[in-house]
Amino acid sequence: MRMRLLLGAAAVVLVPAAAGMAIAQDIPPCEDCADSMTVISWGGAYQTSQQKAYSEPYAAETGTSFTWDESSNEAVAKLRAMFEAGNVTWDLVDVEGPDSQRLCDEGLAMEVDIDEILAPAPDGTPASEDFGDSLINDCFIPQIVFSTTFGYRTDVAAWNGKEPEDLCAVFDLENFPGKRALEKRPKKNLEWALLCDGVTKDELYDVLSTPEGVDRALAKLGTIKDQVVWWSAGAETPQLLADGEVVMGSTYNGRLFSVIEEQHQPVKMLWDWQVFDFDGWIIPADLPEERLNRVLNFLYFATDTQRLADQAKYISYGPARASSQPLVGDHAELGIPMAPHMPTNPDNMGNYLVNNIEWWADHQDDVEARFQVWLTQ
Amino acid sequence: MCLAFAQDFGVVTACNRGKDMAAEPGEGAFVAFEHVQKSYDGETLVVKDLNLSIGKGEFLTMLGPSGSGKTTCLMMLAGFETATHGEIRLAGRPINNIPPHKRGIGMVFQNYALFPHMTVAENLAFPLEVRKMSRAERDAKVKRALDMVQMGAFGGRRPAQLSGGQQQRIALARALVFDPALVLMDEPLGALDKQLREHMQYEIKHLHESLGITVVYVTHDQSEALTMSDRVAVFNDGVIQQLADPPTLYERPDNSFVAQFIGENNKLHGRVTAIDNGRARVKLDDAAGEVNAMAVCCGAAGEQTMLSIRPERVIVGAGPEQNALAARVDELIYLGDHIRCRMNVAGRDDFIVKIPNSSAHAALRVGVETNVGWLTEDCRALDAA
Amino acid sequence: MSEANAPMLAADGRPLKKSLQRALRAQKLRALLLIAPLLLFILLSFLLPIGDMLFRSVENQIVPDTLPDTVKDLSEWDSESGNLPDEATFQALYFDLFLAAEAKQHSRLGSRLNYERPGISSLFRSTGRRLDDLGEQYQDVFAGFDPSWEDAGFWFRLMSAQGDDDAARDVLGAERNRVAKLTGIDTGGDIGFVPSATMAELLPRTTREYTAFAVYTVKDKNDVVAEEEPWESVYAALGLDLEAADPSAIAAYSGPGAEVLKAAALQAGQLPVIDYRQAMIDIDEGWGQESNWQTLKLYSGEYTNGYLLNAIDMQKTPEGPELKPEKQRIYIKLFLRTMALSLAITFLCFLLGYPIAFLLATLPLRTSNLIMILVLLPFWTSLLVRTASWKILLQQQGIINDLLVWAGIISNSGRLVMINNATGTIIAMTHILLPFMILPLYSVMKTIPPSYMRAARSLGATDWTAFWRVYFPQTVPGMGAGAILVFILSIGYYITPELVGGTSGIFISNRIAYHISTSLNWGLAAALATMLLVVVLALYWIYDKIVGIDNVKLG
C-alpha cells in the first residue's frame, strides 16, 4: 500500500516530444538568485541522466552555471564536516532515503514544505499527494524509485537448463550452484534471508527486531556464505556477472539494465522481492538567501511531472511522482520502451519490499556490528 | 739477497715497447704474470701483455699515474678481476680460476674497508672465523696482530671511533692476521696526511722485513715507491715502462716517461748526429749547441731525442769539456739546504738547477749570465716522447 | 691551582660561558624566527588533528548540553533500583526536550545515543514530534481563562523587567548559556527582552522557559519577542508554577498583567493535573523502559570512556565496564588481523624488495635507472587502475587461473581463490607498498662501497658469508626504515583492502572509514584511531628497544 500512488497509473502513454517549447513556461521567474549552483550527485549514468533531464534545459533557459561533484557516496560525512567547519559550499545534494533521514535528524538538511516549493501535478493534484509515500521525511525531495534486485546468468551449464524463478534460488545451492554477489551490508540481505526462511512480509521486522531474528537471518545466510562474493560498490556485481565470476548477484536495477540492454550480456533480471528505495534531493540547512532562492527555483522545475518522466529516458529508474508514470517513454539512445524496465511496473512487483528506513535508522549500528562479526567468523 | 734474485729476470722497458717482451719468468718466481692482458670493454686493452715475476719475500711496488693499469693488475692478482688473456701463477700454481677467498692473499684497501658494524677485534677475528679456527687460537692471533701494530688497547672499539692512522694499522693487522704469504696493498696510505704517511711507510717496511712476507704495493706516489720497495714497476698505458730497484730507476731511467715520472728532470730536445761507443752526440734544437750524452734509448743518428739531466747533477759555471751551454738565471728559490735556481737554457726557461747552500754559489743573482754543463755520464739521451 | 677552578672570563670580565650563551642566543633566535612559520604550520596541521581525534574519542558534551536538567536530576537516580526516575526528572526531561525539539537538536542526540542502545534514535524522533500536545492542554485552559494568554504582547509585558533594579540578569545569563550550548550559536548581545526579577521569584519555571524562548526566538529565528506567542512549554511551566505558587505572593503582585495573573491563580483548580511520567510514556513507551534511562545516565557526563571501551570490544554497564557478548566482538580481532596482515605484507615487501634494491645499487646506471622507473611505476598509476588489474589477474575466471588451468596445474573446478580474501589484500598491498621498502634499502646500499665485500672475500669468506656477515648487517638501517614505512602505511590502509579484501582481508581502518562516512559515529572512529595510534606507538617503542631507532636510515 505504500506504493499505491506510484503504481496507480503505470500504463504507458506515448507523449510527443514537444517539451522544448514548454520549458520556458515551466520555470518560474527567479528574483535575487545566485547565478551558479553546486550540485552533488553519484556520477556515472545516473548523474548524466540528471544533467540531461534537469540541469541542461534549465541552464539553457536561465544561464545558471552548474558545478557537479560526485560525492553523494559520502555526502553525509562531508556535509557534517562542512557544517563543523562552518563553510557549506554545496547547494543541492542527491542522497538516498536513509542518508536523508540522517541528515534531517542531524539538522544538516533543511526542512521543506513540499506543497509550497514544488509544482503540483498537471491535473492540479498537490505535490505532496503526487509524491505520496516517497516523502519519507521532512527534508527529502524525492526524484526516483529504484530497487535492489537480483540478476543471474542464463548460460550456467551446471543448472541444466533451469532458471531461477524466485528469490529463494539465491539460497538454493543444490539447483543453482555457483558464486553469488551480495552487498557487504546487513540491510536487504537479512530481509531476503528471513523471507526465504519462511518469515512472512508482515512479521519481517518484528522478527528482525529480536536478537534471535538476526541470528536466524545470519544462519540462513550462513548456508551460502562460502559461495558469496561480497561487494561494496554497485558497479561490482555487473562486472562480476559479465566476467562470469558469479552466477547471480544483487545490485541496483539500473545497473542490471545496462548489463542486459546496453552490453547485451547473457543476464536476466529476477524481480522477485526487489527492495524499493528512494533517491532524492536535500537542501543543506541555513543556505544564504540568494543561493537558496536559486536552489528552490531549480527544484521547482527539476521535480515537475515532465522532468521526472524525462529522466527515465536515460536510466531505468522510476519517477517518484505518480503523475510522471504515464509519461515514461522510450530510451533516448536504445529506442526501447522503458516502462517494462521500471521497478514500479506492476509486472515486476509480484513481491516487493520497501526499504524500512525508520527500522534501519534504529538498528543499523547494532545489526551492522553483528553482521561484521559474522562476516569475519 | 732477494734483490739479486729479482734482477735475474728480464727487464722490460718502453724502449722496446710493442716488441716481443718474452722475458721468461724464473722457475722459482713466487708470483708470475705471463702474457696477461685485460680489457673491460672489448675494444681497448687496459693491461697489455704483462710479464712480471715477483720473488718470495720481495717488496714490489707498482707505480704509475691513474689509469696506467697498476690497480687492475693488483685486482687480477687478488681475484676480483679476471684476466682477459694470459696466466697468473702463485707459488707455481695457476690461479686464474681460483676464487678470491681461496687464494689466501691478504689485502689492504685504499679506504681500509674495515667493517663498520664490527669492533676492531671482530674485524681481525673475521678471517680466522671463516677459517673455522678455534676461539682460543683466534683470540691469541688477534691479540698478537693488534700488538704487532701497537693497537692492543683498541680491540673493543668500532672503526669509526679510530683516527685514520689507527684505522690504517688495523687494516694492516687484519690483512696479516691469518698469516698470508702474499699481501697486496692498494694505495693504503693515500688518505693520510704527509707526516703520518711517512711514518707508516717505515712501519710497513719494517713489518715486511720482520715477517718476511711478499708485498705487492700499488701507489702513484713515487717517493713512497722509492722509500719502501725492493723493486718498482713503473706502469704507463698498460705497460711496465721499467722494472728496477730504486737507485737504478732514479739514476738510470730507461725512457723519457720514467725519467720524468721519477724525480725531477731537466729535458733538452735535439737530434742525434752520431753514436759512438754508447755515447751520443746531440745537436740541440734552436742551434743552442752540441752536447754529449749516454745513448740509452735514442735511436740512430738523425733521429730526434730528448736529453735528461737530473737538476742536482748540473754543473754551474762549467767548462767546455763539461758540455757547457749558455744560461741566464731567471729565478732563485731559497729552500734552506739548497737553492733552487730556474734558468733559461737552450731557449727553454724551465731548466732547474739545485745548488747546495754553500758560500761557493753565493754570487748567483737573478739575471746573471753563466754557463751550465754536466758530465756526459749524467746525461741520458732518451726517446723523444 | 685555585685559579684553574675559577670560571673562565671573557675579555669584558663576564664569565665566558655566559658570553658564549649570549652570542649563541641571538643566532638561535634568528634561526627560530626563520623557521617559525613552517614550525607553526607543522604544529597546526599535524598536532591539531591528532589532538582533535583524541578529544573526540572521549567527548560526550552533546548529552549534558541537550538535556542539562535531566542529567542533573538523573545523577541522583539509582539506576539499579528497578524504579523509573522520579516525577521531577520527567518534568526536567519534558522541558529539556521541548527546547531541543524546537531547536531541532533532539534527533541529533537520538542518533548519538543510538550508538549505545538501538532504538533510542526513533524514541527521540517520535517524542520530538508529539511534545506539543502536553503544553497545549494547559494552553487551551489558560486561553479559556482570558484571551490575553494567547496574546504575544501580553506575555511580553508580563515577563519583562520594569527597570534595571527589577531585572533578573542571572536568569537571562543562564538561559543564554543553555541555548548557546544546545545550538552552538552565539547568544550574546541585546535580545530586546530582560526577564523581571519579580516574575523570576513568583513564577520561576515560567520565567526560565519564557526567557529561553526569547533568546532562541531572537538569536536563531531573528524574530521579535514581543510579537511571538510563547511555546507550549511556557504554558506548561506556568501551570506547574501556579500549582506550586504561594497564593498570597500572587495576590500581592501589582505589576503588569496582575489582574489576569491573579484571575488565573484563583482558577488554578481548573488546570489539568498532569502526571509527566505518564505523559511521557504515553508519548513513547520507550520512556517507561528502565534500560533507556540507564543508557542516558551512563552517558550523561561531558566525557565518556564509552567509545574507547567500545573500540576494544567492551561496553559500559551500570555495573561497570565489561566485555561485549561474543557475537558483537570484532575490533580486537580486526586489530590483530591488521597487525598480522601488515607484518606479512612487510615481510613480503622485504623479500621482494631486497634483491631489487641490491640490483639497483650495483647495476650500471643506465640499467638501474630503467629498473628504478619500473619500481616507481606503481606511484604513477591510479590506485583504482592497479586494483582493477589485480582483479583481472587474480579472479577465478582471471588470467592467472586461466593460465594454470591451461597448463594443467589445476583443474577447471579447482580454480584458486586469490582475491576477495586476505591473499588478495596481501598481494595488492605488497605491490603498492613495495617502493617504500626498496627506496630506503637502495639509498643505504648505495652508500656501501664494494670494497667491503672484496675485503671480506680476500679475508677468506665465501660469497655467501661475505654477504651475510658483512653486507647484510650494513643494510639493516635501510631494512628498518623500509619495514617501519611499509608497516605503518599498511596498518592505516583501507581502500585496497575494501576493494580486494572480501571479508577476510579487511583491516581495522575499514571499520574506521565505515564509522566516519556511513554510521557517522565519529566518536567511535576517533576511539579506534586512537587505539591504532597507541598500537603504533607501542610497536615503535618495542622496535626502538630491539633494533634502536637511531639505526634507521631513510637515505
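By written order: A, B and C. Residues from 1 in each chain.
Criterion: a residue touches a chain if its C-beta (ideal position, glycine included) is under 8 Å from a C-beta of that chain, and two chains touch if they have at least 3 such contacts.
Just so it is clear, the structure is predicted and the values come from calculations on it, not from any experiment.
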Quick one: do these chains touch in a line, a ring, a star, all-to-all (complete), or other? line
Could you name the chain whose CA centroid falls nearest to the centroid of all protein CA atoms? C
Please identify the chain with the largest separation between its CA centroid and the CA centroid of chain B. A
Between chain A and chain B, the Cα-mean centres are separated in Å by 90
Distance between chain centroids, defined by C-alpha means - chain A, chain C (Å): 30
Based only on mean CA positions, could you tell me how far chain B sits from chain C in angstrom? 76
Among the residues of chain C, which are close enough to touch at least two other chains? none
Which chain C residues qualify as touching chain B in the complex? 449, 451-452, 454-463, 465-466, 469-470, 473-474
Applying the document's contact rule, which stretches of chain A touch chain C when the two form their complex? 73-74, 76-77, 80, 102, 104-107, 111, 179, 184, 215, 229-230, 232, 243-245, 358, 361-370, 372-376
Residue numbers on chain C that touch chain A, as the complex places them: 104-105, 107-108, 110-111, 114-115, 118-122, 125, 327-330, 333-334, 337, 395-398, 420, 498-499, 502-504, 506, 511, 514, 516-521
Give every residue of chain B touching chain C within the complex, in rising order. 78-80, 99-107, 109-111, 113, 115-117, 126-127, 130-131, 174-175, 178, 184
